[in-house]
Each structure stands twice: as C-alpha cells, then as structure tokens.
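Labels run A, B and C following the written order; every chain starts at residue 1.
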Amino acid sequence: MRTPPFILLGAVIAALVFAGARLVGNDYVFFAGYTVLQFVVLATAWNILGGYTGYVNFGTAAFFALGAYSSVFFHKFYPLPIPVLVAIGAAVAGLVGLGTGYLTLRLRGAFFSIATLALAVVLQTLVVNWNYVGGSRGAYVIRPAEDSVLHLPYIQYLFLVMLVLALSAVVIARTIERSKLGYGFATIRDDELAAEASGVPTLKLKLIATVISGALMGMAGAPFPYYIGYLQLASAFALEYAVNAIAMPMIGGTTTWLGPLIGAILLGTLQQIVTVTISSAVNLLIVGVLLVAFVIIAPNGLVGLWQRLFSKR
Amino acid sequence: MFSYDLLLNAVTAGLLLGGFYAAVTVGVSISFGILDIVNIAHPAFIILGSYIAYFFSAQFGLDPILTSIIAQPAFYALGAVIYQVYHLSFEKRGQDTLRGLAFFFGILFITEVSLILVFGVDYRYVQAGYIETSWHIGVVDLPLRMLVPCLMSLAMLAALQLFLTRTFTGRAIMAVSQDQLALQLMAADPIRIKRIAFAISIATASLAGAFLIVIQPVEPSIGREYIGRVFAICVLGGLGSLPGMLLGAMLLGIIESFTATFYGPSWAPAVSFGLLLLTLAFRPAGLMGR
Amino acid sequence: MAVNLLEVVRLSKRFGGFVALDSIDLAVAPGERVGLIGPNGSGKSTLVDCLCGTLVNETGEVRFDGRDLAGLAAHQRTRLGLARSFQLPRPFASMTVADNLRIPLLYTVNARRKPALTEAEIGERCAELLTVVGLADRARHYPKDLTQVAMRKLELARAMAAEPKLLIADEAMAGLSNSEVNDIVALLIRLNERGITVILIEHIMRAVMNFSQRLVVLVSGRKIADGRPDEVIRDAEVERAYLGQ
C-alpha cells in the first residue's frame, strides 16, 4: 500500500477509535488509552534507532523528560497551546539527540548505549538542581477544563493529541522503512563495515535516526505534564519508560513498524490490567521477564514468530 | 571557602572512594574489558550483594563483609549460569549486540524490581563495629566505614592481578580476549575459560555489594547510578588493565569528592556521567573499531 | 606520462607494538591487473583496509585518482571509485541477494550521478550483475541460504555494483572449484577490458599467474617484490619466504 492511502486508512482507524472511546462514556478509557498511545509513540520512536539501525538507546526517559520539562518551562511564563509545545519538545529532544549522537556514534554501538544511560542520569541531576522547573519538589501544571479550539473535555483533547502523534510516528516509521533510508539503516544493523564499503554514509544516517527517534520521544513527553498534573522526577524519569520502550519493540518485532505497534498495544494493555489488579511493581517485573524471555527465545518478536509460522517454504 | 584541611580531606575521601569504586568496577573490567561482554547488569548484582549482606547481618548479626565472602560461591555459580545462557543465546549466534544488551538490561531490571518487591523502597543499612568509628591522622579524617572497604578492595585487586598474571587459568583468561584460536591449540576450552572469567566477575560483585552497604545505606535503584561510573572508570583506565582501572577509579573518586565538597553532593552523579560522555567523545583512539 | 590511479607512499600500520605494515610503496596505473600475494598474516588485508579507509594508517600517503585520501571515510572512498570485496564475506543478512546489490547502487552509483537511477534501472542492473556472477537463480534467496562459494560471488558482485574504477578482490576464489576459479578470472579480465583496474589478492597461484600483468609480494608487512609475474616467482627471496611453504 502506498503512503497516502495508508495515512488515510490510519486516520480513519484513529477517528473510529476516538469515536468509540467517547461512546463508552467513561473517562478511564481516555486516561488508560492515553498511556497506551504514548507507548506506541515511544516504542515506535525507539525502534527507528534500535530496531532499524541496531543502536540501543537506554535513555528513552531522558528524551521523554526533555519534552515534558520543556512544556513545564514554557508553562511557567506563558501557557502555549499543546501542538506548539509538542513542536518545541521535538526540537529540544532532537537537538540533544544530535549532540549525544555526534559525540558517541562514531564508536561501537555498546558505547553509544552506555552513553545514553549516562545521559539520562546527567539530565536527571540537572533537573534536580534546577528550581525553576520544580527541582526535586516537582512542578504543578493546572489542566484546563477544556481546550480552547475543539471545546472537548481536556482529557479527551489530550487523548486526541496522542492519537495524532501515534499515527504520525507509525507513518514516519513505515515511510522510512520502505525508503532508501530504510535500506541504509538496515545495512548499518547488518554489517556497518560492509555498509561503509558499499558507500553508505553510516555516521550521517545514524545521526538522522537518533534525531528522529529523539524528537518523537520528546513529542510524546510534551503533553505529559498536562496529563499528570504534577510532574516530579520519579514520574518523568520513571523506570517504566526505559524498559517499555525496549521491551515493546523487542516483543512485537524490531524489523518493521508493525512490531512496536503490536508490542505497545498488547503490552500496554496488559500493564494497565496488571497495575490495577495486582501492583505496579509486579507489572514491571512481568515486563522485565517477558523482555528477557523474548530476547532469548523469539529474537524477532511476535512479528517474527508470525512470519515463521506462515511463510512459504 | 578554601582551606588546607578541607582540601586534604577531600583528597583523602576521594582516594578512599576510589578504592571502593575499583571494587565495584573490577567485575566489569573483566566482563567488558577482557571478555567484551557488555554486562550493564553488573551494578544490579552489586546491589543484590548489598541486600544479602544486609539480610544476614540483620537476621544473624554477622559482619556484612564476612557474609559477602561466604556468599561468593553462590554468586560465582550465578555468574556461570548467566554466562552459559548468554553464550548459547547470543554469542554463538553471532554478533548481536542489540540482543545481548537487551538481555542484560532485562536482568538489571528484573533484579531491581524483585528487590523492590521483597525489601521495599526504603533505605537499608547495616550495623557493624567499625562503621561508626573514625581514625584521625592530623587534620585528616579516616572513617573506618570507608577505610576498611578500600583496603579490602585493594587486597582483592592484588589477588586478582596475581591470579591473572601468574596462574595458567588466569593467563588463559587474558589470552582469550586476544586469540581464541591460539587458546584452543593450547588445549584450553575457550568457552570454559570465559565462563570462569565471567563467574569471577559476578563473584566480585558480592564483595563490592557488602562494601557499598557498609559505606552508605542502599535502596534498589541505586544500581543505576553506578552504571555510568563503572564504564567511565573502565574507559578512563583502559580496557582490560586492572592497574589502569585502579588509577581511573582513584581519579573519579577524587573528582567526585571535590565536586561534593565544593559544589554539593547532588551534583556528583552528573560528574561521573559527564566525564564518561566527554571521555567517549574525545578519546576515541583505543576505543574505535574494536 | 600517465598519472597513476593509485599511489601508496611509505604506508605503515601498527597495532600496539606489532608492526602490520612497514613502509609500503605501491603504484598502480589505470587499467592494470595487479596480483598481490603473500603468506597468511603478511598484511594483505590490512593493506586493503588502510587503502579503503576501514583502518587508519599511522604514516604514509594514499593517493587515488590524484586525490589524497587522508581523512576520508570508507564510504567516501567507495564513492570516488575504490571498491573492495571482503576476504570473509560480509553480506547484509536481513536482505535478499538482489537487495544486497541494491545498496551500492542506491548509495554509491546514485551519489555520483544525476538523475538517479530509476527503480526499473536498479532492478535491471541487479539482475545483470547476478547473471554475470552466476547467481541469477538465487536473487530472492537470503545470504544464510547460500553456499560459501555463492557468498563469495555475492561479495564480488556487490563490489562490482559500486561501478568502481579500481576493484580490490580479496581472496574471492577461496574454496571454488577449478572451473569456477577460471570463471572468476575470466570475469575479472572482462571487467578489466571494460576499463576497471583490478588488484587481485589470492593464494591460488594458477589464478594469480593467469590474471596478473604485475605481481607484488608482501611478507611480514614488507613488500619484497614488485614486477613481472614470471620474474617475481623466480626471485630467490620470494621463493624462500612464500613459495617454498
């Protein structure tokens, strides 16, 4: 399917999802759904770098938090509409991605990964010491009752924003996958040395992947303060972002845009159920165990299993 | 506010801290520096060591460091098992760094969350005779809770260095990083050698964990702060060289100590990680294309 | 006076204390067929790595087509026209054989020309190349399903796909049968007739002697002979160091 019809199909599905959610009439659907959609964006974003090029980013929380804290920063002096904040979050996170990437992508993949871990902690330390955005006490962001454009209840508006972001992320991932860029990314993952020998400018492509991936994560973080109302470090840099952004694509399948989407929806929904019925700590434990299990047993994820079952011999 | 006393104490504290950091890092020096396995879960094993020391200390009143020495065989066995899984799932199948990293990240995660489930998120600490005591030499303070771990760490490093340079198995471990084929011709099984090395690296975590809880109270997420420190030290000191690593550890200890003394302790994590980023960025020779 | 296509001047490479290449001089004229031989570990592949940018040499200069290559990344050198195949095949495992050839077309050939190749043209060229090396029936297979021999052919085809001016074939014939070796030599000669300069690195002496107009011998990182093949193999030092083994 070519891209424009795909976008149309996606938009239709998104519209149906939104309408369906409103039909249910329970705000909880919007709250839970927002989280799942957020994971779709994060998982898809992570996969553009991790799945396509093979460079593992452990600092998803850092990029997410950059988006969230940019929003807090601006909220303090002039409340801007969410779409603008999303763009700002993307820009900030993308720039940081560019910087980190430039410093570390010439080295082995393992060093890049360690650097992303380091980035998360540095950022967290910076925020702790910066009182303007709340420091260790946290920042309150008052959520308006409804948005000023569509006059929807605010949570529904946020849900809609995240729906649009999720659709955009998936479209971007799919377009990249099928383009010359996608081939280039795949060669980096398969054999970087051979890629260079074949004329692929690996550093440039890796930087592109890092910037796109980081920007998408920042976009996902931008509306977060409005969703949660009180932003503090534990929530912004929460462990669940780091592990889910990796677990969802690895369980769903890393070679295609469909993998993170499936992983995010399945795992995200599972987590909502477990967190509510058992506890959030047990929930995270299950995610961790699933990650390790899939990495060992089914390295190509659910998509890979499906392909193996149904491929022609 | 600059005074001679403060400076001297900052340096001493840094050296003591550095000695401790060396114990924390030596495992990764082996697994990453020598075996080329990016075990980012190492800090989780250290925290596990801390909690085991805490548990036995709280239940039976045993000295934490003694407990950790007794626990080392168990950690050794754990390391051997994990290496076996890692080898069969990843090493054999080819260079799949992505999956290896995800595997260890998963283990890091599972360990941390399991500790939260069992012990909760409160800080835990141990009681031992020497923890409250502090010696004084002139104006310099030497808190025993830092001095004892530092000295024991140096002892452990010396023992490991002797093992790696004087025994057959130890030299085989050093060799396996450079030439597996030659090792096979010498009738040593490279897989077994690597397994031993990895198991040793995890066994050191047991001791390092005890040191940690003697020095400060622990809670499950502390491990994450150490990931950057550990790799920063490895990179600074040169991969695969224990003496180099010790120097790197001392250097980091002093820098962190100075930062904490003159700028405040909340900046300390940023220092090690910032140093790591800078080192990775500007010291590419020796790190590239391995 | 023809300008040499490749000029290597006093190139040295060390790994720690170990000297892999010791002050290598080499000149290759456009259109030449050069054979490079030497015992295992003599530095042949290291030399190729330094020429192509995979490794960085400590001293010495490499000039290609008049340009100094210092500081240029491997992909930039490939785009300038210097292509190589790897001694141990390094295919892109997640793509089909045909798609493996697509990469140099997309990233090297297209980088040099406007307008870029169309999808149809790319498909044609992939098919053509596969036929030339004898892999046409494997176009849709994945590298993991290929035999060692087929992988070496793919490796060569991928280097050819980059439309190089100078092709360095690093032990492309290991494990091939006699007739396959002949096929590859014939292929390389045909390429050469089309204007591509070729450096052939091989252990199979029959192939090297049939192919080369000039023979260079590397032993322990040093060049010990450089001249006409029939003269070089009669050189005493070459006999002692390499042929006598």
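Here is the rule we use: a residue touches a chain if its C-beta (ideal position, glycine included) is under 8 Å from a C-beta of that chain, and two chains touch if they have at least 3 such contacts.
This structure is a prediction, so every number in the text was calculated from the model and none was measured.
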Discussion item. Which label fits the chain touch graph of this model best, line, ring, star, complete or other?
Written reply: line
Response to the item:
Busiest interface, judged by C-beta pairs in contact, is A-B
Worksheet entry | Whole-Å gap between the CA centroids of chain B and chain C | 45
Discussion item. Please tell me the distance, in whole Å, between the geometric centres of chain A and chain B computed from their C-alpha atoms.
Written reply: 32
Discussion item. By the touch rule stated above, which residues of chain B touch at least two different other chains?
Written reply: 289
Response to the item:
Residue ranges of chain A touching at least 2 other chains are 189
Worksheet item: Which chain C residues touch at least two other chains?
Response: 54
Response to the item:
Touching chain A in the complex, chain C uses residues 52-54, 73-76, 78-79, 83-84, 86, 90-95, 99, 102-104, 106-108, 111, 158-159, 161-162
Worksheet item: Tell me, which parts of chain A touch chain B in their complex?
Response: 50, 54, 56, 58, 100, 103-104, 106-111, 113-115, 117-119, 121-122, 124-126, 128-129, 189, 239, 242-243, 246-247, 250, 254, 281-282, 284-285, 287-289, 291-292, 295-296, 299
Worksheet item: Any idea which chain A residues touch chain C in the complex?
Response: 180, 183-184, 186-187, 189-191, 193-203, 255
Discussion item. Can you tell me which positions in chain B touch chain A when the two form their complex?
Written reply: 38, 40, 85, 89, 96-99, 101-103, 105-107, 109-110, 112-114, 116-117, 221, 224-225, 227-228, 231-232, 235, 266-267, 269-270, 273-274, 276-277, 280-281, 284, 287-290
